[in-house]
Structure formats: C-alpha cells, structure tokens
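After the structure tokens below, expect a handful of questions from me.
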Amino acid sequence: MIRVAIIGASGYTGAESIEIILRHSKAQVTYLTALPEECGQIDEMFPQFKGRCDLAVEPLDLNKLASLADVALCCLPHKVSMGFVPKLLDAGLKVIDFSADYRIKDVGTYEKFYQVKHTDTENLAKAAFGLPELFRSKIKGADLVANPGCFPTGATLAIAPLLKNGLIETNSIIVNSVTGSSGAGKNPSEKFHYPNMNENIFAYGIGVHRHMPEMEQIASEVAGSNVTMLFQPHVGPFDRGILSTVYCQPAKEIDAEKLSKLYDDFYSSEPFVQICNESPAVKNVAGTNYCHIFPTIVKGKIICFSAIDNLVKGASGQAIQNMNIIFGLKETMGLI
Amino acid sequence: MIRVAIIGASGYTGAESIEIILRHSKAQVTYLTALPEECGQIDEMFPQFKGRCDLAVEPLDLNKLASLADVALCCLPHKVSMGFVPKLLDAGLKVIDFSADYRIKDVGTYEKFYQVKHTDTENLAKAAFGLPELFRSKIKGADLVANPGCFPTGATLAIAPLLKNGLIETNSIIVNSVTGSSGAGKNPSEKFHYPNMNENIFAYGIGVHRHMPEMEQIASEVAGSNVTMLFQPHVGPFDRGILSTVYCQPAKEIDAEKLSKLYDDFYSSEPFVQICNESPAVKNVAGTNYCHIFPTIVKGKIICFSAIDNLVKGASGQAIQNMNIIFGLKETMGLI
Amino acid sequence: MIRVAIIGASGYTGAESIEIILRHSKAQVTYLTALPEECGQIDEMFPQFKGRCDLAVEPLDLNKLASLADVALCCLPHKVSMGFVPKLLDAGLKVIDFSADYRIKDVGTYEKFYQVKHTDTENLAKAAFGLPELFRSKIKGADLVANPGCFPTGATLAIAPLLKNGLIETNSIIVNSVTGSSGAGKNPSEKFHYPNMNENIFAYGIGVHRHMPEMEQIASEVAGSNVTMLFQPHVGPFDRGILSTVYCQPAKEIDAEKLSKLYDDFYSSEPFVQICNESPAVKNVAGTNYCHIFPTIVKGKIICFSAIDNLVKGASGQAIQNMNIIFGLKETMGLI
Amino acid sequence: MIRVAIIGASGYTGAESIEIILRHSKAQVTYLTALPEECGQIDEMFPQFKGRCDLAVEPLDLNKLASLADVALCCLPHKVSMGFVPKLLDAGLKVIDFSADYRIKDVGTYEKFYQVKHTDTENLAKAAFGLPELFRSKIKGADLVANPGCFPTGATLAIAPLLKNGLIETNSIIVNSVTGSSGAGKNPSEKFHYPNMNENIFAYGIGVHRHMPEMEQIASEVAGSNVTMLFQPHVGPFDRGILSTVYCQPAKEIDAEKLSKLYDDFYSSEPFVQICNESPAVKNVAGTNYCHIFPTIVKGKIICFSAIDNLVKGASGQAIQNMNIIFGLKETMGLI
C-alpha cells in the first residue's frame, strides 16, 4: 500500500486528491498538512469527507512526513512550492508538485511570468513534466514530477498529433478555452461571488495568462521546434471542466478522414484519451481523468476541441496517474 | 419629475432601484451616495449602467441632498440606517428605508434580534410599514416608510386572506422559504463563493432569522390577534426570487373552491398580486414587482405557495411602489 | 466477482449504477438491456463511458441473462417493472428493483396511487424493503429487494430515531423537500427544458406525489403505529440531491442536546449516515451514498434536515449497498 | 401610439418583444398571433405576463391585422416567414422580420444554407438589414427590415471599426462565440434537457452554422471587399447572452492606444454600444439592448471581445430599435 501525504490539503486540489485516493486500492492517504491557520479536521473543512476520512490536517512536520509517507502530492501555490519541495525530497519521498514552479524549464521565462526569483533551479532541471501521454518514459524514473497546468493539459493533448507530425504552422495556433469556476480556488473573491459568476461568462488573463508559456514549452518539445501560441481563457458558470477550441493553420494538405485516423492511431493505447466524432462536452468528462478530443477541418483550418475536468485530468487525477506510473502500478488504478 | 436620491448606492438594492427608476416616466435618480471608500462612477461599479447612468456615487452631503432630491431611498444596512434617517428627514425629504430599523414596532424585540440599542424610537413610532397591499392607507401620508423584508413580503401576502378572516390557527404556521443568492448582498463570502453555492442548497438562520419577528408582527396586525410563526429559510443556486411554502392548520372548515374565491376576491384590485392555479415559479416573477400565489388544501392542511423577486417586490420594486403611493402617482408606474 | 445485469440501462439510474460498479472491486457489469428502440453502445448513449465500458445495450434475452449474471438491477419504470421481475427471479437471479412496484405493501394503496392493477402480488409479499439502515436483517436473505424511492429515503432517515422512540406526534409530520432535476429522468419535457428550469424553483405533485404513501408505510413500520405525513416536493436548478426539511410536533419533552445524542446513538454504527451540527448541504453528499442529517428544536417544534444524492443513496448507490448485503460483501464496497 | 402585432407570439422572441413593449411609452401590443395549435391566453403560455398583458394569441387574420396594427414583428421560423411576410406587407404594415429569410442577399447562398427555394425574392431585394449601428440610413425608410441574427450582431459590431478602416486581413477572422441556452428556443430537446445542459458547455454547428454566411455578408459590406470568417459557436449553461471572442490578423501596424481611440470614435454617438477597458461580461448586458466591446492586441493579433443579450440586442430589442427608427421615435425608447 502506497502511503500518500498531501501537502496543502486545505484547497480544492488537495480535497480532490483525497477523494480519488479513497477509491484507490493500492494507495491510502496517511498524512495531511497545511499552513497552521488552515489546520483542523479534514471532514470539517470538507464535509463531504464525513465518515470517509477522519484525518486531521496538521502543520508540516518533516520527520513525521518521512515516517508516514512514500509520496507527497504537493498542492501548494506557485512560488510557495519551491520552498518546500527540496525538503520533501530530502525526506526521501517521491514528489508530485502541482504548482508551476517545476514546469517551466527556462528560468528566465518563469521569472518573467511569475515575477519571482527561482530558488530551486537544481531540482527544476531534474523534474519530469507530468503529462504521461507525451512524456511517460521520463516520469517513470523521476523523483520529482511537475504536474501540468490544467489549460496546457487540455490544449496540448488536443494538438499533439499535429505537432508531432509537422502538420500545422507553428506560429498560428490559437487556443480559446472556457473553464469552470473551480479553477479559481477556494478563496472567495468578487469575480467568483455567486451573484456575479452565475449566469455569466467573461474572458480574463488577456495576453498575460501564465499557462501560455507552459503550453508553448510543451508544444515546442512535441514539435521539435519553436511553437508560439495565442491562448485566451474564459470562465463560465459551471464547477468543473475546460473546453478548449484550438484553431490551427495546416502546414500540409490533410482531409478530415486522415485527420481522424491520425488521432485514433496516436492515442490508440492511451487509456485516458478518447477521440470523439462530434464536439466533446465538459459534462462527459467531469469527475473523470479522461480527455475527449474531436479534430476536424473547417474552411481550410483545423479545429481541435478537447474537454477535461480541470480538477482531475487537469490536476489531482493526473497527479495520481503520475503516481501510479512512478510506483509501477496500473496507470488507471483509482481513476476509472 | 420626482427627484430620487439613493443612500447606499453601492449595493444590490441600490443598483436595482436605479435600474427601475431608469424606466420610470415621472422619476429620475439625481443623487447617489455611499461610504467614502465605496464611491466612484456608478457605471464602473455596475457596468450594466454604461451609457445608461453616468452619475458618480459620492459621500453623503446633506445640503446637496436637500437641494437635489425629493425622496431618499435609504439602502443602508440594519443598525446603520437609523443613524442617517433622522438627518434625511430633517433635510426635508420623504424617506423610504430598506433596513429593518423602522420595521419592528416593539423596541425590545428589535433590540433582541438585532443586538443593538435603537437610537431613533421617535421616528420608529411614526414610520409606516411599506407593504401596500395590506397597509396602503398608512403609507399615503407618511414621511417615513419602512420597506418590508423580502421574506415577510412573500410569506404574509401568501396568508393574509386567511389571517384576515380568522381561517387558520394562529400558532401553527410554518413558513418554509427558499431564496436566491442575491439576498446575500454584494460582499464575497465562503458560503456564496461560486464553487460552494453552485449546485447546492441548504438551510440557514435556523431558529434565529430576523425576519421571523417581522413576519409575526405583520401577521398579528392583519389577524388582529397574536400570531406565532415558525420560519425556516433556505438558499438555493439561482440569483433572484423567493419561493415560500406556507403550511397552516385550518381553524374553520373550508374547501379548495372557497379558498380560491377568497384569494381572488381579497386581491382582486391589487395590480401586483396574481392568484395562480398551480405552484408559482420564481422565474415567472424574476425581474418583476409581482407576487404569484397559489393556495390549496392537502390532507386537511392549507398550503399557500408564493413567489416574489427578492430584489424587486422584496426590496427596490416595493420601495418604488411606496414612492408612487406617497407622491400620488399611479402605483404601477415604472413597475410593469 | 459478482456479475451484474442492468435491466433498463438507458436511463439515469442505469448509468449511475454502471458508474458505481466500475469502481467496485468485487462486482462487474456483464449485461445491459433496454427496450429495442433504446439499444446501442452504452458509450454512445452516455459518452462518459468512452474507454471505460464498451458493452452494448441489448434487448432482454432471458437465457443470456441467466448465463451472464448473478443479480439484476431492474431500472425499469413503475408499472413496467412488475411485468419483468418474475422472469428475472425465474432466471435464478437476485433482483433489486428500482421501481415502486414492490415497495407499497398495501395493494389497494398501490393501485390507487399508480392507477393500475398489481399483477405480481406474490412477489410483492416476499420483497424486502431496501433501506438497510432500517431493514437490514430482512434484506440479507431476500431474493427480491424493493429499492426505496429517493424522497422516502431522505425523509425517513431524517426522523427514524424520533419515530422509533415515540418522540413525535405521528399525525403532524410535514416533509418539505427540494430535489435536483436529475430526478426527472432522461426524457426532455417542457418543465425541464433548460431555459425553463434554470434560475427557477417551484413545487409539484401537490397533494398527489406517489412517495407520500411510501413514506407513511415506512414511518408506520418504524413507529409501530399508523403515521400520516404531509409531503410536499419542489424542484430546483441543480442536478443532484434532495434536501428535506421535516417539521414535527414533539410528543414528549426533549431538548436539543438529548436530540443530538439520540441521533448519534441511533446511527452510530451506520457507515452512510452522518449527523451534522448545522444544516446539511446537498453538495456535500452529491456523488456519494451518504445521508447527512441535522436534528434541532425551534420554537418547540423539532426540525430535522437531511440531504442525500437522489441518484446514489436515493437510487443506484442504495441498490448496490443492498447488493453488497445480499452477497455478504462489506456494505460500503464501491461506495466510499 | 404605435400599434404592434406580433406574428409568432408563442416563442421566446415574441414574449421578449411583448416584455419590451410593455415598457415603451409610444407603442403598445394590439394583436398576437400563432399557429392554431399554439394559441391561447398569452399569460397562460407565459405566466410572467399575469396581470400585465391579457391578450389572447389567435390564428392570424389578415383583415384583423390590417385594422389593428401599424407594424408587425414577425417572429416566425426561417423558411416559414417568407410565406407570411408578403401578406403582412400587403396588409399595409411595416414589417420587421426576425427570421433569416430576408437577411441573405445572395439567393444561392440562402438556398444552400437553408436547403429551401426562396419564394419571395422580390421583397428580399428591398429589405433593409436591421443593424442600426451600421445601416441606419437604409432602415429609416424601409417597409421591411430583416432583423439580424444574434451571432452576426455581436460579431460584426465587434470588428466593424477594423473592417471599415482596412485594418485587418479579411481572410483571417476567427469568431469564437458562446451563447446562452435561450437561443435554442422554446421546444424541449435532448441537448437542452436541464440535466444535460446544466454544468455543461460544448461546440455545435461546426462548419455549418447558418450565421456564418450572414456574418460574411455584413462584414464584406462594411469592408467594401470580400471577407471570409471562420465562425464557431458554443453553448453554455446560462440563459441569456453571447460572448464573442474575435481573433484578427492586423493588416497595418496599430497599437492598443490607437485601437481604443478608433473604437471610441467609431461608436461615440451610438447609444447602445459601449467600449470597455477589460473583457465584457454577458451578465452586464443581460436584459438590455447594449453591446459591450473590448478591443485589444495580444502577441501581434487583435482580439475583440463583444457581449450582447441574444434575445434583446440579438433579437427583440434590436427589432424595437428598428421600429423606433422607422417610426421616427427616439431610438432608445423602451430600451433603456
């Protein structure tokens, strides 16, 4: 039984991780930590755990951690995470980090978008990027996995087959995404006050969203050349899910039938990617670790639609998928 | 043209009042005030007013108020309001107060439920209770109107014909209400954070909701004897509306047909009360000043359903209905 | 491995049952059936099963059923079910029936409320009522379990401790419930057309809802005497969950502390019932088999709040809880 | 007082038109018609009209129409409308037609996208396209106005200043829109069944949406040259509103400041178009006739966001704006 610690258990991705591990037959949550002011019984913070998980959330104690857990899901915010990850690794644990701190390989880009000096470039260099469908082999032996951002997960899975095969112009990609509100996290704010967010939809992060350089990094790695992307997120009145509509300019001639076959083949052995023959719908992936994709051609442009649950395939589910890989378990364990 | 000042224009009931007056042919908003830290252009606070209202919200200046307005809609919170209302009256304006400060005639009850000493008992004694369908004649000549609470409006309209005619036991009334989330006001909070409130419904104010004594006061006045009510509010995932389901024990024999006729007759000349022959639905009254009511008999008990928009008939619309009455205008003006 | 057939797999409770069994370590879905015109691949009807379940839904073949399954979850509608259940039993399977056909022990009451002659009174007499918390011992050895209605599950769990101990007047119980829209089933209708149901709440089934006699039957059995209940359902703009607010007249003196202890004790060994110290919220039980209850006293009346997921504890989850009991598995298997 | 007939009053745009005219000081609804099987009292079809409008919806009688009305809002479906419009014109009324039948000037394009022969090309040639901000002068003297589609209204207002000034490549425009569910109309369907549409978002009309050629026609007319557009609609879980995100390739150098000034100038005298300095939000235009626009530059591309209410500026509000223009009334009458 793999013993899992959740560092930063007081937020949504921490809770979602607990939810998934409760149904995992080879893993169990053994230790929950948070900032001192956010500690308490997990089932009081999240009453959905009443009768299901009676752990307390405690301030992090590294000795306790070392004795109680084999792996840490580090659900801390960006910038905070890199202060803790080295200690978690030193305590002898495998670490799957949910923040952006170990995702952006180029330190300058990280420092520009996150406006802070990177303090753990040593581990940054070693971290595997935790998108199994594209980088599984590197994840297998990794001590530290940088769990991808939610938008980059959906967007890059949507176009990876095209990038890999040089089928699209790499400077023309537009990613238009709509996310549910859980991506905003647990802290109340004006924008996510129910009477404001309900019956509403709007764009945000215009030109400055931090997932843009992350997308470009993954896409460039898949393409084997420099890729630039225009990413525009929106938020809509629903809890879970991201629908991405990705517009691309073909670099070679391709028809709808070949496109469909290309995707079927590319993802044929991937349990969590499903190719659809019409638009995916976020409700069909909500609560699951699946990514539904539909690629098509309209007026000479390729449009690829993808849907994921931002908290599962876009965060906690993917983390546990990574955990399963690291520990040599069946990749889908706890995730069907 | 009646000149309207809105005191406390930075909240939802202030904005809703502006929205209504924009469509009123004999009234116009001339002055908007708020606490200094909540001032600014109204169309920046509430972008729905872009191009429709270009007033600034300013700190209250009583001289300016006196010169600019004939009537003040005082949208301040409970306890704060009674500090301002005497000044508004002294400035020579008619005042329609949205807070509870002038609703509860019994000072002891007010002080118990609102946990504060009442500092303006003189005006409290003179204030008319602004539920036109039941107390129109007193509103006509009033300088100060206490605009009713949203739940008391819906609940007492639902059973007034029964109370007036002594048809129900006055110690057996149960009011079960579900309100939309706009009742929570504009300030973000954990309960009304979108990811918490969405897809959710729960009870609150159990045994302690401040609208309970207000309901009992109105009901007692209508009945001409002491009425006790058990009021239980809930909040659900929608913006606007209150559905109240009121359970009563008949005091005399009555059948469904007579019940229906009683309601038709009682409200026959009321423009804003409509009797239905099935459950009212909040969506049918949302954005309007109407109250839809359906009275029926089930297993020997009378059940009365009512639906209103909490921000309109439950607040700003009713205030403007009161304003119309005070100034001798057609009662429905601006409200159809 | 228990082999499960789902009869009537094209509806919401069928799909929810598949969803749960996919995570069950000792059961698997082996056979799916529906009316001929509703057959096809399950992952085309319900795209959430893409990559997770590749079974076809086929017209029922009793020989196939007998060879493929140990237990049938019969998700057919009321009145239809009793035409199939005898055949399922004859095929040698245990049967858990989701319809009302085997719930109402009094044939006259059934025939009055369902407006049809009962055609299988023999099995009706033998069927166990599948509310494990109250009737576990009878379920254990049963061949046929009548899975309870969603409203009766939430409402009777809310007051069972009071009924069992004779603490409330048995002719004064008012059950006010609000359900999410999934209870309406899969077929489009005007009331549940999104632009009508969204931002709306209304009552329905006034005085005639079929769960009323079912509630009274269970409550009477628990109380050991005749219980009458006034049940009023409402439907609100959310997918899953039922919040019931049950108003009772105490028959004996009781205070809040004793009430709380009574509930803690009564349900202390029940894994799926959790006692809260504030209003339960449907979102905390959505997607789970849990029932959250909060009993309290207001103005001399007892109010008991309960929340369940109508599709899980109110249907498919409870069915699998019953299945676990019948087959001697841990009762919570697949349901945590 | 302008007397308004609504032809096809049983649908959402008919009801919305009544709603608006109820608040119009120089117009009143005098005649409502629908197919015989959809007739009845308007306040029974749409209970929000109880006490506000007591007209019956009747089968169309052309003599009655001629004697009762000055203008017809023709809210019939595409293909049906062109069978009635000639008769409405012959009856001596001005006609504002909500269907697509008089929008597409190129008969071949119409017949391709609507799969039907056009039967009234004579009036098609004379019809004014009713987007006042772009074609006001032609609307003024028109007997027949083709009220624009909802998506074309939002999308073309978003980029008209760019097109007019030759600032963007006219073969590179991508319009990504999300509409609320009221656009689906009143008839229940699987996609818009509440349990399917709630908490969901998906694309539709991929490559084939009929508003695409309409957009291109308007854009080409504004640009004075042939414009091609890739239009991709999505539908989300809210009632009202369309958010369009339009991606364009600049044809000349332009910076954000000049872009902002261009829009301010272009729309400076338009009452219903407001330029924002951040993303518009559909909730800020819901229930109004306004269009909020934010143009900006990201990574060398111009992105223009626009928000409208699909039922108001996208249908009934714009129709009444057109009516006001035709009859020489203040354009904003009834629409503030």
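A few remarks follow.
Should a chain be cited, it is by its letter among A, B, C and D, assigned in written order, with residues numbered from 1 in that chain.
Note that a contact is a pair of C-beta atoms (placed from the backbone, for glycine too) under 8 Å apart; a residue touches a chain by one contact, two chains touch by 3 or more.
Being a predicted model, the structure only gives us computed values, none of them experimental.
Of the two chain pairs shown, C-D and A-D, the one joined by more C-beta contacts is A-D.
Taking each chain's centre as the mean of its CA atoms, A is the chain most distant from subunit B. As a whole-number value, the distance joining the C-alpha centres of subunit A and subunit D reads 39 Å. A separation of 36 Å divides the Cα centre of subunit B from that of subunit D. One simple way to say how far apart two chains are is to compare their mean CA positions; for subunit C and subunit D this gives 46 Å. In subunit C, the residues that reach two or more other chains under the touch definition are 198-199, 237-239, 280-281, 283. If you check the complex, the residues on subunit B that touch subunit A are 12, 181-182, 184, 186-190, 192-195, 197-199, 237-239. Note for the complex: subunit A touches subunit C at residues 22-23, 25, 46-48, 50-52, 199, 271-272, 274, 276, 280-281, 283-285, 287-288, 290, 292, 336. Across the interface of their complex, subunit A is touched by residues 174, 176, 178, 180, 196, 198-204, 206-207, 228, 230, 232, 234, 236-241, 243, 245, 247, 278-283, 286, 296-299, 301, 303, 305, 307 of subunit D.
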